[in-house]
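Just below sit the structures, each encoded as structure tokens.
Below are two complexes that have chain A in common, paired first with chain B and then with chain C.
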Partner chain A sequence: MTTLTLASLTPLVPVLVMSGSAVLLMLLISFVRSHLLTLLLGLTAVVAAMASMSLVGQNLPAQVTLLIYVDGSTHFYWSMILLSTLVCIGVSHAYVRSAPSFREEWYLLLLVAACGGMVLAASSHMAALFIGLELMSVPLYGLAAFALKNKRSLEAGIKYLVLSATASAFLLFGIALIYAETGSLLLAQWASLPVDSSLGLLGCAMILIGLGFKLSWVPFHTWTPDVYQGAPMPVTAFLATASKVAVVAVLVRLFIQVPLWQDNALAMLLALVGGASILLGNLLAISQTSLKRLLAYSSIAHFGYLMIALTIVAQHGSRSVWVYLATYVIATLSAFAVLSSLTGIKDDTQGDRFEALRGLYQRNPLLALALALSLISMAGIPLTAGFVGKFALFASGVASGQWVLLLLVVAGSAIGIYYYLRVVSVLFQRGGQTLTAGVNVPTLNGILIAALSFMTLAIGIWPDFLI
Partner chain B sequence: MEIAFYSAGTIAVIATLKMLFSHDPVHGLLYLVISLLSVAVIYFAVGAPFAGVLEMIVYAGAIMVLFVFVVMMLNLGEATIAMEKAWLQPRAWVLPVILSSLLLGLMVSFLANTQPHLIGTDVSIKQVGIALYGPYILAVELASLILLAALVIAFHLGRRDEDAEGKTQ
Partner chain C sequence: MPNTLLPWLIFIPLLAGVLSWLSGRIHAQAPRWVALAGMVAVAVIVCSLWPAAPQTGWWSEFQAPWIPGWGISFHLALDGLSALMVLLAALLGVIAVLASWKEVQSGVGLFHLHLSLMLAGVIGVFLAVDLFLFFICWEIMLLPMYFLITLWGHEAQGGRGRFHAATKFFIYGQASGLLMLLAIVGLAFANFAATRVVTFDYEMLLQTQLNPVVGFVLMLGFFIAFAVKLPAVPFHGWLADAHMHAPTGASVDITGLLLKTSAYGILRFCLPLFPEASQQFAETAMIIGVASVIYGGVLAFGQTHLKRLVAYTSISHMGFILIGIYAFNAVALQGVVVMMVAGALSTAGLFVLCGQLYERLGTFDTREMGGLWTRLPTLPPIVLFFAAATLGLPGLGNFVGEFLVLMGAYKVAPVLTAISTLGMVLAAVFALALVHRTLYGPATSDAQLAAPVAREQLVLLVMMAGLLLIGLYPQPLLDASAGAITQIQQAVSTTTANAAHFGG
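Let's look at the complex of A and B:
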């Protein structure tokens, strides 16, 4: 299976569709600059990739060359990444319309980043892992800094670039250490790492730093609020969903395939990182007056919660990781889709400052309800998807007896309810609002928001559908 | 060969530390070039001459381009000439010269005698090519996509004035 034949590429068709569309988009841009046409091509690419996933789904699992391994779980992560990309591209049309020129590159970069995430989620070789990670990150540097006139956006781009490069250095060093021990870059060969190898332990810890940076686990989280706030709204949505899903996918693969991760010292380290993320994320979210920063801190806490299910994937399977990830992605996408509808690339503050959001219910009731629903879902209140996700986490935490972390999740959720509901109450407050005019929601945004809200409620009311 | 490996490694560490702790960016660049060259010598020592040559051309070459840029941007008058003179104090260039002549000596000794490398035989360019276009072909293609994204970003960030450009479209 080391050489490439046309037939062996079949499982990769969704990735090929995405990368091919990116190239097509580049050619289109160089001949005709049409915002609508690039949007349509972008949307078609993502939908075609989703459709092709169901077409090539029967001959799984499959190894494509040394680098890529596609199985059923890869398809789950791919569909999450593609869903996030679809929403990000969909809400982008209204969002970047106010950019003076060069709006089309935006879609090209989003497609390339999604392609990188898909490669990362399917990698079975360290070369693919690293290239996938860079393929996902490099377009995001540019997208975060896309609003050049906005100082915050430039700052976000530079911060993400420099800190990502540092994290990549850690990741590479970790890979090199484990390569020194095993003599192979294939993930499957890493299973043979001796349990008492100190080089292997150090390597695993460094890989954890490299990947934990993308998930903004606590000692590596400092970039998150600034980049979330500075980056344009749909880019923040992509950073919060697709990029994190892809990294979780590769972490799950590492945890399952490399028994060394079950080592006591590493398990302790993971639990510490998770607990610190839950505490710090929730406590710092309380005092925020910017919704994007609040969502940044809450995403830190969410990935702290996820640690409960992540550390036990090798014994208990990754089902609860999937449920939690799906509910998180849907709620986050829904919130950012609403916020993107309120803002444009020139000025993000309308969807960011609490003051600007005050009385949104009076200006556009449906939009306010959708935002409230997504926040309630993130808080994990019953009858929304977020509750189902938290329930799945709890069940796996109880099954594996991680009592300290569970206690932290309870405390964190209690704090979370406070700050999420504070935002919800701001949405429904009357007065203090300079903008009393109604808000027009572009049709495409409206459809996406409605679909995401429906999914949030549907999963919350009929959880059997997901579990 | 082990002596070559370890001495090149020591030079790399010294040069990198000097780069980190130098106050002047130009002196820092000087040490960075030496650090990259010594890494290239390490590649030669372990038997990967192609990677060594690439390291020299791509990294050390790119730093040279940076050098030229710095000189071009600062070359504006009497004051900058005085500054360039200050850069070229013996204190600044003696250690880099010593380190790089050591590296040169190591390279010459590689070319002069043909004792086996640390991993046995050299990895030839042909083998590298076969590996890249055989099992790793997808990695090559994906790397080209990274370059596409980087190019588009460079184009977007590097253009002069978006409003003026927008009107000419």
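Let's look at the complex of A and C:
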């Protein structure tokens, strides 16, 4: 038993900064209700957490109590989560301005969710894993239903709540099964799980269901389009990025630490899930007329693609997962940042249809170019980040000989071209609707969009620093 | 010679594209001149390398580290074959700009940005000797073309819309391109497994020893990508639709450049990288070529849409190119090079004429065209000229190419070659049908049409001069590409010797 000293908590500083700020924000709200002040505090918290990561980066890897294990990869996932949170908070100011009440709580919930994601990504013990997952999910129920007057938003909140709870139940059941087999909740102890243990296999499958729900893998994807569409734009962005990054982080840890995942039946199951996600996500995206639903289905496909790199982390390392995840997160954030700039919480469903985007290039060329760039990146066209991600997947797929999945990626990308470019060409077509949205972009949104677009191009043209 | 010239061949069109986009705000016509200047500059640079060209090996080479983590470098090299192709690209770029002078009136800056970007991609394909870089350029060509078709294309009757056509074009290109990417990664991985070096460099990958099955599968990955772009018969579905909806400038570049990148790709990559597999595959490829020749010819005859007609003639031409490539002898390969250049000029000329007729008549429908000879000054004889070039009339460029290809191929596969000569007959049929339907017969109206202006004449005259020059004196063309062709031919034939040796 190690005693808890102050020094041993150092690697946890980024999480502490975030949770401390959340508490501070809550206190602030109870004294002063100021939209601008909460925004600034939120932004400062995230930036401070990012900065503190580089300060405490020397003495890694470090086990902080039994619950948390921080290493270089954790820092990568944390920075992705923090980046997503930064963008979500940044575009929120203009977005929730029109909300009738509780504007300040929005930021509180986002900070808490980010905090949960960070804990989840660093968990080395099932208690931390579960606390992190719930800490991330519970604020998101509230955020998804934030537009209280909007039926779709309420539906999204409730749907996410019910299905999340179901998924959590599966997760807990899985943890319990493996606990019964190993007698420990420590991830490190699960390595001793015997390969022929049927209880262990069942437990792993249950955990896969619980976590796969968050990644919206087929067949656990049904919530995705509805929740994406109903939830306010920045919340959808958070769901699509930070929450998925955290879950991938914990999955990677499970895959590396628990040899049982290499079992043939499980590997087959994972490949099936991945292939089905690629096919179904892409095919269902074709007929969408709502951009949010389209992005929902495309995210299903993207996490199907990721399966190629994810299942081989134990043998080939998680570099490809990181590259793919980073490129996905940046492109997705960029798309949602643009969409958030086009609408407010009151008229969210307006900016979401393709028709509203028609002729955006004439109204605001830079915004249209940024959205086009992010979609092209998601489609995986060279010289954008998305291609680098896809290339990394191809490299690990070829190295591990997953030819069927690779061919599915090729087919999926071909379908993807169709629906991504349909949106892109709408942006440039003349004859826009009466919508005036998108003429004035708030400065903060503009800076974030410019930075994300720059990252998309920079990674695409000069990927060496990423790999 | 200064090696740093090579990257400029790619950067100048890029730069010209961006500048022409920006210059659209200063003056409405400025983008055209800027884009034109960029393409002329490319041509000048290539020509400046010409006199000092060595007989064999690279004329010029440039290498800079790009993504060392994956063993990828920004590696460009130019030999006779690529120099010819780059020159052709610059020339057709100029023609595309000139042909769009009147047709494109909205978004002029953006149009020329896309045109120049595509040109940069095409030139990149011709210069890249790093497979990753090659793939990037290969894909980069697609996106600007997609926008050229969707944003400036024609809404044709009987078609399913330009968005549909452009998307079809892009999906064919992207799906086949990704197959090639898989093959590229597979090849690099095979090389890594043997040498423990991660590299995508062409010259290093040439040394890779592949097991026959793996080599064949990887070769197929490359071949399918090239066959789609060629296009060879089972993969040709996108071409006619794309042409039908594309603006003239884009049509010129699709047929003159995009299609030629695939022939170039087979010559540069498919044959030398996979010599044994290519040998095994040669007969199948030639059958595909013969099928394309016949099928393209028959379909061309049946078209009533002028641009679709020309599109199918180019399928027929590309069939000959495929036959020539897989004959593996120097004569046929030289014929392929001549056909690539001459075919690009003759088909591009026909597309320019299509555009000019459209500007006057407002239709591409040949049923509404008859009797133009009496209604229109100057252009009808030029149509006749390009039709004659397309059918392979001796004295014009295409004849030399077809003759060399057939002569070379006959030595290797007499039966297939004999069948493919049917294509020459078909070419006469569709070319004469084209002339007959548009120029002769009863006129649909008595109204006189506007005579071509100097710009329109100039464009056509340049191409006519080129075709005549190649037809009458093809030697400079043959000399320029001889070194490169010999190397490719040796790469394939030495393996034959080796294979025979191992077999015995």
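The rule is simple: the second predicted complex is superposed on the first by the 459 of 467 C-alpha atoms of A that agree within 3 Å, B and C clash if a C-alpha of one lies under 4 Å from a C-alpha of the other, contacts with A are read in each partner's own complex, and residues count from 1 in each chain.
Simple rule for what comes next: a residue touches a chain if its C-beta (ideal position, glycine included) is under 8 Å from a C-beta of that chain, and two chains touch if they have at least 3 such contacts.
Not measured: the values here are computed from a predicted model.
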| item | value |
| --- | --- |
| Which superposed partner A:354 touches (first chain B, second chain C, both, neither) | neither |
| Partner chain in contact with A:145 - chain B first, chain C second, else both or neither | first |
| Greater residue coverage of chain A in the superposed arrangement, chain B or chain C | B |
| Which of chain B and chain C A:179 touches, first, second, both or neither | neither |
| First, second, both or neither for A:33, with chain B first and chain C second | first |
| Touching partner for A:381 - first (chain B), second (chain C), both, neither | second |
| First, second, both or neither for A:394, with chain B first and chain C second | second |
| Contacting residues of chain B [partner chain A, same complex] | 134-139, 141-143, 145-146, 148-150, 152-153, 155-157, 159, 162-163, 165-166, 169 |
| Complex interface listing, chain A residues touching chain B | 2-4, 12, 19, 22-23, 26, 33, 64-68, 99-102, 105, 108-109, 112-113, 115-116, 119, 127-128, 131-132, 134-135, 138-139, 141-142, 145-146, 148-149 |
| Residues of chain A touching chain C in the complex | 376, 381-383, 387, 391, 394-395, 398-399, 406-407, 409-411, 413-415, 417-418, 421-422, 425, 428-430, 462-464, 467 |
| Residues of chain C defined as touching chain A within the complex | 66-70, 106, 135-136, 139-140, 142-143, 146-147, 150-151, 163, 166-167, 170-171, 174-175, 178-179, 181-182, 185-186, 189 |
